[in-house]
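Going by the order they are written in, the chains are A, B, C, D, E and F; count residues from 1 in each one.
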C-alpha cells in the first residue's frame, strides 16, 4: 500500500486532521475542562467533582463513582439531532466511562462522584475519540489523580489505503473501515476498541498500529497542553 | 452555590451601589460576538458577556405548516443549559428554567415579527420552512437572558437558506440567500435586589437577585415582550422607568452588537 | 382613545367579563379551594398542606416549599389538549408559584410543603390570571397565613383601544396586545407581568394602569368572598 | 387516610348493616346530573353523587380509521384523577387506578355497542370520527366508578357533532346532529366488606372495602361487561345474586339519570 | 345447548386447549418459576423474593409487598407489540396482583418485597388466565407460604355455545363472550372476574360454572406438577 | 451477586487456568439451538448455552424507507433482559447494558452485510420491509453476547417472508420465501480476567471478568465488527492473537450451529 496516497483533504495517510487543537479551561465554572478539535470535529469536556453523591444509596464506600455523559448538540450535525439521549449516545457514554475508569484513581475519592460531561459542538466523524481525548484532559485540569492520560483516535481503510483519523467523507466511502481506538501509553492497555467494516485480521493489525501511532502523537500534545498550563505538574 | 455570609455581603454591596468587580450598577461586562461558529448549522453565533458563554444555532428543515397558518414558516425555539454550564445543572429533560428562557427569547423574536414567516412558505398549505432555534448555555456566569437574546439574533442574521431541488430536498452546500429579517429585536433584562435596579449580574450577584424584568426591544423602539421573572417583585412605579432604560439600552445594543 | 367604544361582548373597555364569579370551597376534599370564572374562562384551585415533604431531601428547614401546578383539562379548549404537562403549563406554573411566594408566609411552616393545583376547566383567554386569582383564595380558604391576597387580570389593546380582561376573540385580533398582570394591593408590588404584542412605552403605561384598576375590583370581590364565608376573618 | 381505629369502627358498623350517614346498605346518596358543562367540548356532563364529583367531556376529531375497521369511528377513553381530588393523588403519568377506571368505563360503552361506530365513518378507509372521552375526578368522596359511568353516558348524549366543510375541516359553531346512540349503558358497582354487600360508599367507607364488582348494564337488561376490582374477593355463590341486583338498579338508573 | 358441538380446533365445549402443559423451574436464576401453555398461548412466570425493599419508604412493617408485572414480548403477537408497558398490561398486572394477594401469606414476610414477573411468550387469547395460573405455581416453586394455589381460565360463548378456554379465533367470532375467571378452590372465593360481550345473567351463570369446572381441572394439574417436583410438599 | 470471598476464589481459580465446572479455559458449555419457537414471529430461535437462555424473534412490517436509502429494507435490533433473567434486572426503559448488547449484535449483522437489504425493497422510495430483530435474555447464566448472536442468526434463517396483497397488506398464513441471506455472521466473545483469556463464563465467572472483546466473524473469515466491552482492558499485543482465535472458533460455530 503506497504511502504516497493523498487524501480528500490533502493529508498523508498517517496524519491527524488539521487543525488538531487542544485547549484547557474552556468552561470556567467547571472544576476542569478541555476542548479538542480535529478538523471540523469539535468536542468540549468538563468535569465536576469529586462531589457528594445524590442519591446517597449510589455511594461507594471504597471509591468514587465515575459518570460520563456524551451528547451531541442539535446543530452539530447536518440533520438536526433531536435533543436528549439516544441509544448511540448511551453506548458511547458507557464506553468512554469504561476507558477512563482504567486511569482515574477512584479509590482516592471514596464516597464521591466525578461527573464528566462531553458535548459535541460540531461533528465530522471521530467524535467519540475526540471526546475521550478531551475527557482525560478535563480530568487532569480538574486536578483529579490519574495514572496516565488517555489519547484516542480512529484509524481505518479508505479506498484500500490504511489511514489515520478519518473524516466524515472518508468514513462514508463504500467499503471503508473505521476503528476507534484508545490505549494507555504507559501500560499499553487498550481501553477503547471498536470497528465497523469488513476486514482481514492482517488489515486490522495494520490499522491498530496506525491508530496507536496516532495516539502517540496526540499523547504528546496532551502532555504539552498540561505542561503549558501547569508547568512541572506532570514531571514530579 | 455560595455561602450565606457571602450572599449577605454581595447584597449589601449592591444595595450600596457597589459591585464585586467595581463595575457601575448599570454597566455591562465586555461583550464578544462571533458568528458562524457551527459548520453544520444554517446559522450560528457565540456570545460571551464576561465569562458567560452562550451559543445559538439555527437549523432549517422542510416541513408541513400548521393548519391555521398554511402559508407561514414555523419557528421553534428551545434552550438547554449544558450540564457543565454550572454545578447546579443536571442532565435530563428540560427544566422549567430552561423552558422559561426558551419561551422568553422566542416571544421576543415572534412577537417582534423579526422574521417574515410568510416568505418561508414553499408550497402553500403543504411545505414551509421550519426554523429550529437552539440555545445552549455553555458557561453560566450570570445574565444568560441577555446573552441568549444576542446570540439568537446574531445567529438568525447569520443564516444562509439552503437551496432545494425539485423534490424539495435540500441541496448540500448550495444556498438561496438570507433569512427575511424585518426587524432586529434584543431582549434585555433589569435585575432588582433590595431597592436597587442593576444590569448584567455575574453568577454570584445573580444568587442574591430578587427579581428580573426582561423586555424585548425592537429596532424601531417598540417593546414587543415583557416578562417579570424570579420570585420577587418590582414596585408598580418602577416598571415604566425601567422600561425606558431598557429601551434605550436595547437600541444601543442593536446598533453595537447586531449588525 | 374613546371610552365609548363597545366591545364584542358588549362590555365597556374598563369592565371585567360577565359573569365574574368567585366561589370558595368547591373541592371539599382539599384543605382549601376556589373557583374563578371570568366570562367563559373557568379555573378551579385547591390547596393541600402544609404537609410532610416527600422525598425528605426537598425539605427546607426554615420554611415551607410552595409547589404550584397549572393544568388545562383536555376539553377546556377547542382543539383537544393532550393530557399532561407541556412547556407552556410549566412556565405558567412557575410564574404563579413565584407570584404567590410574595404573600404566603412560608416561614410559618418550616419543613412542610404546600401544594396548589390549578385546573383550567374552560379556556377563553386569561386562564393564568384567573388561576392566580383563584390560587390566593384557595390558600386563604385553607387557612394558610398570608400577607395579602393577590388579584390578577390582564389588560391590553384591541383595535386601538385599551381594554381590560380580554376574551379569546379580542386576544386573536390582529395587532392586539395582551398584558397579564398581578400586584399586591397593600404594597404595590408587581408580582406577575408579561406582555405579548407590539407597544409603545406610553401604551404600556396606560395598559398597566387599566390592569391595576381591574385588579382593584377583583380584590374587592376576593375580600367579599372571604368575608362571606369566614365573617371577621380578615378584619382581625 | 383515616386512622386504623376509625377503619375498624366503620367496618364493624357496615358489617352490622349500618352506615356513617345513616343510609341503608343499598341506598345511594343524592345524585345530581348536569349536561353541557364545557363550552369547548362537543358534549359534557357533571355528575355529583353526594360530594363525589366527576366531569366528563367528549371531543371529536377527524382521523384515520384503524386498518382492521376501515369504516368505523374510533373511541378513546381516558380517566384522570385531578391532583386535588384527594390527598392521595399526585400529578404525573396515569396510575394503574386511573387506567383501570378508564378501561372499565370504556368496556361498558364499547362492549355494550352504545355508539353506532359505523355511522361515524366519513370516508371509508380514510377519514372517520375519533371520539375522545375524558373523565376527570374532581372530588373523590367514594364510588367514582358509578359517577364516572353516569357522567360519560350523559356526556355522550349531550354531543353535537361538528359540521365539516368540503376539506373535512370542522366548521366552528355549526353542527350536524347528535351521536348515533344505539343503547344506553350504565356501569354500577357492588362493594363488599366482610360478608356484607353494599352500594355507593363514601371515601371513608371505601377505605375499608375488600372488593368491588362492576357490571355494565344495558337498557335492554343485558350485562355487557364485568370487573372484579380491588384485592379481596366475592364468594362464588354471591356473583349471580349480585348481578341480578346490579341489573335492576342499572335499569332504574338508566330511566332516572340517562334521559 | 348441545354438548355435541365440535369447536374449530376439534375440542369439546368443556375441554381445555391441547396441549395444556405446566412446567416448573423454567428460569433457573429465579427463586421460583413456571411455564403454562394452553394451546398456542405460552406464558412464563418467575418470582424473586422475599427480598429487601428498595426504595425503603415502600416497605410495609407488617407484611411483604407483592409486585406483579405482566408483559408481552414483541413477537408474541401477529402485529409486533411495541416494547414497554401499556394501559392493558398495567391493568392486567394489577388484577393478577390483586388475585394473588388473597393466597400469599404476606404477613409471614414483613418488610420485604415479592416480585412476580410474567412474560407472554406466545399469545393466542387467554394470556392473563395462563399468567395467573403460572404465577401461583412460580410462588409455590419459590417456597413462598400460600393458603392455596390459584387456577385460572376463561369460559364464554361462541356461536351460541358455552365453551371453555377460548382460543383467539373463537374470541374473535361476532357476538362472542369471553369471561376470564379465577377462584380459590379451598374457599370458593372468586379472585378474578371480567367479561367482554353481551350476555343474559342466565348465560353468565352457565359460563361461570363452566369456568369453575375448568379451574378445577387446572388445579389438579397444578397440584400434580408441584407433587412431581416436591413430593409430599402439599400433603403436610 | 456473590460474596467478595467467592469472587476472589473464582478469580484465583481462573488465573490458575481452572474453572468452577472443570471446563477448560477455552471450552464452551453445551449449546442447544431450536428454531421456530414463536408461532406469531416471522422467524425465531431459542439458544441455550449451559443454563443461559436467549430467544430471538423477527417481525416484518411494511414501512417507508429512509430518505438516504430509498431502495433498501430497514433493520432494527433491540435487546431486552427479561426482568426475571437475573436478580439484578429491574423492569423499565432499556438500560445501557441492554442497549450495548443490541447494538453490538446489530453491528455484526449490519456490517457483515448478512441480509441483502436491497432485495427487501417493495416499491422504491415508498415501501420497504422493516425487519425488527428482538432479543430476549430469558435466564442469565453468563455469555449472553454469544448466545444472542447465535439466536439472532438462527432466527434470521428461520424467517418466512409474508406474502402481500395488491395493497401491500400482509396476507395471513401465506409466505414468499426466505430472507435474502448473503452471509452468515456470528459474534463471539473473549473474556479476560487477570492475565487469562477464556471463553463462555457462567454468571459467577462473569462477575470477576475485567474485560471482554467481541468480534463479528463472517462465513468467509472476515472480521466485520469489534467491541471491547466492560471496564478493564486488553493488552495491545493480545488483540490480534485473540482475534485469530475468535475467527477460528467463529468459523467452527457457523458450521456447527448456523445451518
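Please note the rule applied: a contact is a pair of C-beta atoms (placed from the backbone, for glycine too) under 8 Å apart; a residue touches a chain by one contact, two chains touch by 3 or more.
A quick note: this is a predicted structure, and the numbers were derived from the prediction, not measured.
Chemist: Starting from the defined contact criterion, work out which chains touch subunit B and subunit C both, please.
Modeler: Chains in contact with subunit B as well as subunit C: not a single one.
Chemist: What is the chain whose Cα centroid lies farthest from the Cα centroid of subunit C?
Modeler: F
Chemist: When the CA atoms of subunit D are placed over those of subunit F, what is the turn angle between 0 and 180 degrees, to the nearest 5?
Modeler: 120
Chemist: Distance from the CA centroid of subunit D to that of subunit E, rounded to the nearest Å?
Modeler: Comparing mean C-alpha positions, subunit E is 27 Å from subunit D.
Chemist: In whole angstrom, what separates the CA-based centres of subunit C and subunit D?
Modeler: Between these chains, centre-to-centre, one finds 32 Å.
Chemist: Between subunit B and subunit E, what is the gap in Å from one C-alpha centre to the other?
Modeler: Spacing between the chain centres: roughly 58 Å.
Chemist: Taking each chain's centre as the mean of its CA atoms, how far is subunit C from subunit E in angstrom?
Modeler: The computed centroid separation for subunit C versus subunit E comes out at 52 Å.
Chemist: Can you list the residues of subunit A that touch 2 or more other chains?
Modeler: none
Chemist: By residue number and range, which residues of subunit D touch two or more other chains?
Modeler: Within subunit D, no residue touches at least two other chains.
Chemist: Considering touches as defined, can you lay out the ring of chains in sequence, from subunit A by way of subunit F?
Modeler: Order round the ring from subunit A, first step to subunit F: A, F, E, D, C, B.
Chemist: Please give the residue numbers of subunit F that touch subunit A in the complex, ascending.
Modeler: 94, 96, 99-100, 102-103, 107, 111-113, 213, 218, 221-237, 239-240, 243-244, 247
Chemist: Would you mind writing out the residues of subunit F in touch with subunit E in their complex?
Modeler: For subunit F paired with subunit E, touching residues are 37-41, 44, 51, 55, 57-59, 61, 78, 80, 82-87, 91, 93, 132, 134, 136, 138-141, 172, 203.
Chemist: Within the complex, which stretch of subunit E touches subunit F?
Modeler: These residues of subunit E touch subunit F: 27-30, 33, 40, 44, 46-48, 51, 69, 71, 73-78, 80, 83-85, 115, 117, 119, 121-124.
Chemist: Quick check: in the complex, which residue numbers of subunit E touch subunit D?
Modeler: 87-88, 90-91, 93-94, 98, 101-102, 179, 183-184, 188-201, 204-205, 208, 212
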